[in-house]
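Heads up, there are several structures right after this.
Heads up, the next two complexes both have chain A, just with different partners, chain B and then chain C.
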Partner chain A sequence: MNFKHKYVFLFPGLFVLIGILIFPIIFTIRLSLSGWNSYTPEMNFIGITNYIRLFTDDPRFWESFFRLSFLSVSTVILQYIIGFALALMVWREIKFKRFFRVIFLIPMMTTPVIMTVIWRTFFHESLGPVNDLLGHIGIGPILWLSDPVIAKFTVIIVEVWQWTPFMFLLLLAGLLSLPKEPFLAAAIDGASSFRKFVYVTFPLMAPISIGAIIIRLIEASKIMDTVFVLTSGGPGTATETSSFYIYIKGLREFQMGYAATLSFTYLVIMIISLTIIAKVLTKLMIKE
Partner chain B sequence: MEKLYKFLKYTFIILWTVFIVAPFLWAVSTSFKDFQSVNSKVTYIPWLDFEPTLEGWRVLVKSPARGGVDIVEPYFNSIFVTCTASLISIVLGTLAAYALSRFTFKAGFVRNNDITFFFISQRIMPPIVLSIPFFIFLSTIGLLDSLLGLVVVYIVLLMPIAVWIMVDFFNRVPKELDETALIDGCNPYQAFYKVVLPNSIPGLIVAGMFCIIFGWIDFFFAFILTFTEVQLLPVKVVALNSSITPWWSLSASALISVAPLIIVAFVVERYLSKGNLSGALK
Partner chain C sequence: MKIIKTCLTAIISSVLIFSPMAYADKWSDQFPHIKATGDIPGECSYESMSKKNYKGKTLKINTHAVPVMGEPTALHAEQFAKLTGAKVDVTHTPAGDLYAKAMVPFQAGQAPYDIVFGFSNFINDWRRYLEPVPKKYVEMKQMQDVTPSHIGIASWDGVMYQFPVDGDRHYLKYRKDVIDNPKYQKKYKADTGKELRVPRTWKEYGEMAAYFNDWDWDGDGEKEYGSAEVMKKDDLMYAAFYSRSAAYSKNPKTPGGFFFDLETMKPLINNPGFVEALTDWVEATKYVPPGGINFGLGDEIGSFGGGQTLFSFSWDDAFVAAMQPDSPINNKVGAAQLPGAMKVWNRESNSWDEGFNQAPFFVWGWAVGVAKKSKEKEMAFDYLCFFANEANHQADIGIGRFGVNPFRDADFQADVWTQIGWDKDIAQSYVDTLAEMEKSKNRVFPLRVPGTFEFNAALATAAAKALAGQLSPQAALDEAAKQWEDILNRVGKDNVRKAYAVGVAMEDNKL
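This part shows the complex of A and B:
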């Protein structure tokens, strides 16, 4: 089937998307070569000065980048393990199956920043319920938001709460679409549940798992809302991610030119590393 | 062994359920508190621990002039922006997805898969990277701080999702369907509109739900690109947070903002249980 009409179908969407995006991207690249800041708000040309500054004299950006990698990789691993476990548990018949499925889905339907506002009162160090309840059993008070190490875990807890449902949804949808025959064969061979999982379920789920992990990594690499409300990157810079650092440089200190440099570099690193991760995961999980 | 496994399974499910429900329960309880019951000590159960009041909820519908927070207008703004952007994204995304699923495109080294990847890869773009140029772009064409400007930006967020779900979905709709329609004398548009589309309702619903979810929950663009004329719900609620933080109205507004999409969870579950989603999400 090949028609001239095919362009009529494709082009509206493609050109709208390109049309909206082309300006921001070209503009970012051009802006990254300028020294636009609050003193000289103009599109001058200073060559690659900004890039030299970024690669030689800005440890804070790289720290924020490694922090982001740590946060997104650890949350996605946790989400995958918990999401897979939950999906397996409500895959077959259990009591109140549909009730639990709905409950497990709910967090992803809620607005992250708004729930984070609630989490902030939840983890409030003197007026929140967590420290109060822990206090009753003699633990505490834990500095959920003001200790540089614990604050990272608080961010992870909130992110896991928020996005495990998405992982759960993708994996459960995958499980429900698996063919029945391999499981029957395994049952006839008398395989235990554990062996069934290792030799049948997991390999069949590998492609779906990779897809789900990559989708979640892409979304997790944009962690911003949670950090913004929960800790504002603090205490100090303990939970500052790349996006948040770029936000500070660009829209709080108005170093637009430098922020564009950061943005563009960040985008390139993101695309490269996600491509590599996708390739490596495919190699690791699908054994031919 | 089997018993132990069952025990662990139910323990885990129940613990996780408690974890999911906990912040909601806390928010419900907090929304009925007053200054005294928030700030003296931690209280949980109304009537037992504290005397509940409706102040937190009443404030939401009062006008700002009388000390309210007026959440009604941001609510409708959010609904408008989310629905408009979702609708446009679904229409354009579905058309593009159909083309990518049925026809072969060749331009230099670019093939169908590359075009699909181009669409989907827009999700990689961190909002912060786009927000600064969008800020300048929208102020140049006079759409900063307007609903229309936000719709334009949200299309970029949502169309990739629509394309991602619909390409997979159309790939599973048998090609014979359109071919039969063409033999019966339809032109390609009629074949798409009269035959393929009616058979794609489940996919369209799933794509629509995802667009609505990801549109509704966005905060960052709304935060950067609007100020006073137009406010979306998440921005409004977060703004409450930064002022003197009245936890009761904060909780009430948070609950009322997340409520509509919780219905979506039921719809998603329905499709999941009927097996329609498994096809659409693989």
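This part shows the complex of A and C:
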């Protein structure tokens, strides 16, 4: 049957797609070709001036991008390792299994901004409890938020604490869905726990792991709230990430046209780099 | 008949004589916020507002987060609603987002808020979207008492766009119990060979702050530190840097611009005066409390107000907070003008002029305006007039967390402050400091040009890099100056020059 009207049923979905995805992207591209700012609030056309500025005269954006790459990759690796370890722990038959599963999920259920405010209070160098406790054992004061190197690790600590539960949840779901047979076979062959993990659990978990890592990388590459609240990108520009920099240019300095240029460039870079990362991870983790 | 007449005269006279007091009692019973003064008669007093009827109307306000300015906005909104029958919706927004939250709808031609709070240096970007303050308010008695500097800050080319609700300047706050303490004066002299006194220069400030850093000089069992300053990027730190730069760079012999040379529009922020100030500031990172390099305004107020440091300089709030009855350093603090310098850069001769120089910085403060597209302009101006009426103003300026600071001549009377429990000498030093700043002929006013945010953000980022050790002071300020050139090219030199000329005229005492 040649049912031509079937395309009519696609329209609602298509309209939604155009409304929430295609239109904003096209609008952003158009905005990026304008000089919209606080003193000329109009969609004038200035060609690729903003792109030339970005690629020739804005090292701060590229610095923030490389900083973001470091922060997102390191936090996701740590989240994966810790999340996998926790998932393996509660996958086994242990006491209070359900209790631990809930406890491990609590950080993810809290509001990131509020938790970051609490972390900022913890890490306050002269009034916070962390340095106070360390002081009792003769350590510190550690400049958690005002040393350019340590501040990066403080951001990593908070991010890992907040988002490891997400990794834990995905990996635990993966573990619970694994078939029993390969493990029975390994047990019959007398494989040790370590060998079972290396040759059975890890390979079987690879597709789920790749999915979890990619999802977290996408999320981590948008890191904004933690940096905004914890360090405001400081000290200096030591913890400034791409999204925070775009926010500054767009909503602090009101350079809407230039911020759109940064956003679109960032989107393109992220699509390309995440595609490459996914391919590489697949090659490394999934053996045919 | 004569007795009846006498009695009637006595009754009428009593009513007339005591009526203001009766109103004061009546209103302060209902509104304890003004219990110290009661209602003070005026066009926007409690009594006057109670005669307005805005029932069925809604006033929408966007203000800062609680408490600074957010708390008094909400409090006066509640009072205004009770008096007039209006419904008042107050939205609280973090400081960093106030600009965009108003600007986005402004540019889209919408008015989601009738009243928008922001900073006084937004005026050039916002004024085209704000309704000028109507003549009847400008000519009111309560407005006649506003100091000329603050009228100037709220106006552009003689038109008032922002309703004065706050007055701001940066000045020095110090621990009187240390600086005036003979024991410490003797010790300091013995150890350094110098006098311990209110620092006259930034170099003296640095020496004293370094000396009183990292030891328990008030005997409370905790270490104290030299200075609390706003050093956090994007948290108003550029204002702190301008305060430190004014003495080195605002040369009364070279009028015509502090930030730019008005004639050529060449940025001046990387000249040796500014570099010297940034070098001092980098040095200051050694005598701030741990984490002080990340202090925003709130941290600075908490640190100095909590008795953690010897010095501080910024807005009035830290001083007023320190003087509140529940403060651990109540009546132990002093106020003085910002330190000066023993040399000032002369951009014409390209050399230092030796000799003492001091330049008060009239930093931006809280400002508020009514949206041009608002449908409730009359009610909005009435609310603002009520906010700043004399009874509310007197009550507000005594509460540090409110962020409402003196901007009227009447505020510069020591009695205003002794009435709320301040020591007489401290109150006198405070009002003298503020009054001297008003009289100064070598003042710096905030940058109020198109793209102000971009200029200040570029400067703040560069200064923050220097404070964090990422760049040297000269390299950091060269980077900022280069960015200022780029911004000038984008905005247009003539646009910026035209706007900057207004501020320069104020600095050069031509307005």
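Operating definition for what follows: the second predicted complex is superposed on the first by the 271 of 288 C-alpha atoms of A that agree within 3 Å, B and C clash if a C-alpha of one lies under 4 Å from a C-alpha of the other, contacts with A are read in each partner's own complex, and residues count from 1 in each chain.
Heads up, the rule we're going with is that a residue touches a chain if its C-beta (ideal position, glycine included) is under 8 Å from a C-beta of that chain, and two chains touch if they have at least 3 such contacts.
The structure presented is a predicted model; accordingly, all values stated were derived computationally and were not measured.
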Look at A:Thr231 in the shared chain and tell me whether it touches chain B only, chain C only, both, or neither; answer first, second, both or neither. second
Please indicate which partner A:Leu251 is in contact with in the superposed arrangement: first for chain B, second for chain C, both, or neither. both
Would you sort A:Asp189 into first (chain B), second (chain C), both or neither based on which partner it touches? neither
Which chain makes contact with more of the residues of chain A, chain B or else chain C? B
Determine, under the contact definition given at the top, whether A:Leu176 touches first (chain B), second (chain C), both, or neither. first
Applying the document's definition of touch, where does A:Thr121 land relative to chain B and chain C: first, second, both, or neither? first
With both complexes overlaid on chain A, does A:Ile208 touch chain B (first), chain C (second), both or neither? first
If I apply the document's touch criterion, which positions on chain A are contacted by chain B in one structure and by chain C in the other? 127, 251
Touching residues on chain A, where the partner in the complex is chain B: 1-3, 5-10, 12-14, 16-17, 20-21, 23-25, 27-28, 31, 82, 85-86, 89-90, 94, 98, 100-115, 117-122, 127-129, 132, 161, 169-170, 172-174, 176-177, 193, 208, 211, 218-219, 221-222, 224-225, 228-229, 242-243, 246-247, 250-251, 256, 259-260, 263-264, 266-267, 270-271, 274
Enumerate the contact residues on chain C facing chain A in the complex. 96-97, 99-100, 103, 107, 125, 225, 232-235, 289-294, 296, 302-303, 308, 450-451, 453-454, 457, 461, 464-470, 486, 490-491, 495
Residue set of chain A touching chain C in the complex reads 35, 37-39, 41, 57, 60, 124-127, 131, 141, 143-146, 148, 231-238, 248, 251-255
Where on chain B does chain A make contact in their complex? 5, 9, 12-13, 16-17, 19-23, 26-27, 30, 38-39, 41-42, 44, 92-93, 95-96, 98-100, 102-105, 115, 119, 121-137, 152-153, 155-156, 159, 163, 175, 178-179, 182, 187-189, 192, 213, 216-217, 219-220, 224, 233-234, 237-238, 240-241, 247, 250-251, 254, 257-258, 261-262, 264-266, 268-269, 272-273, 275, 277-282
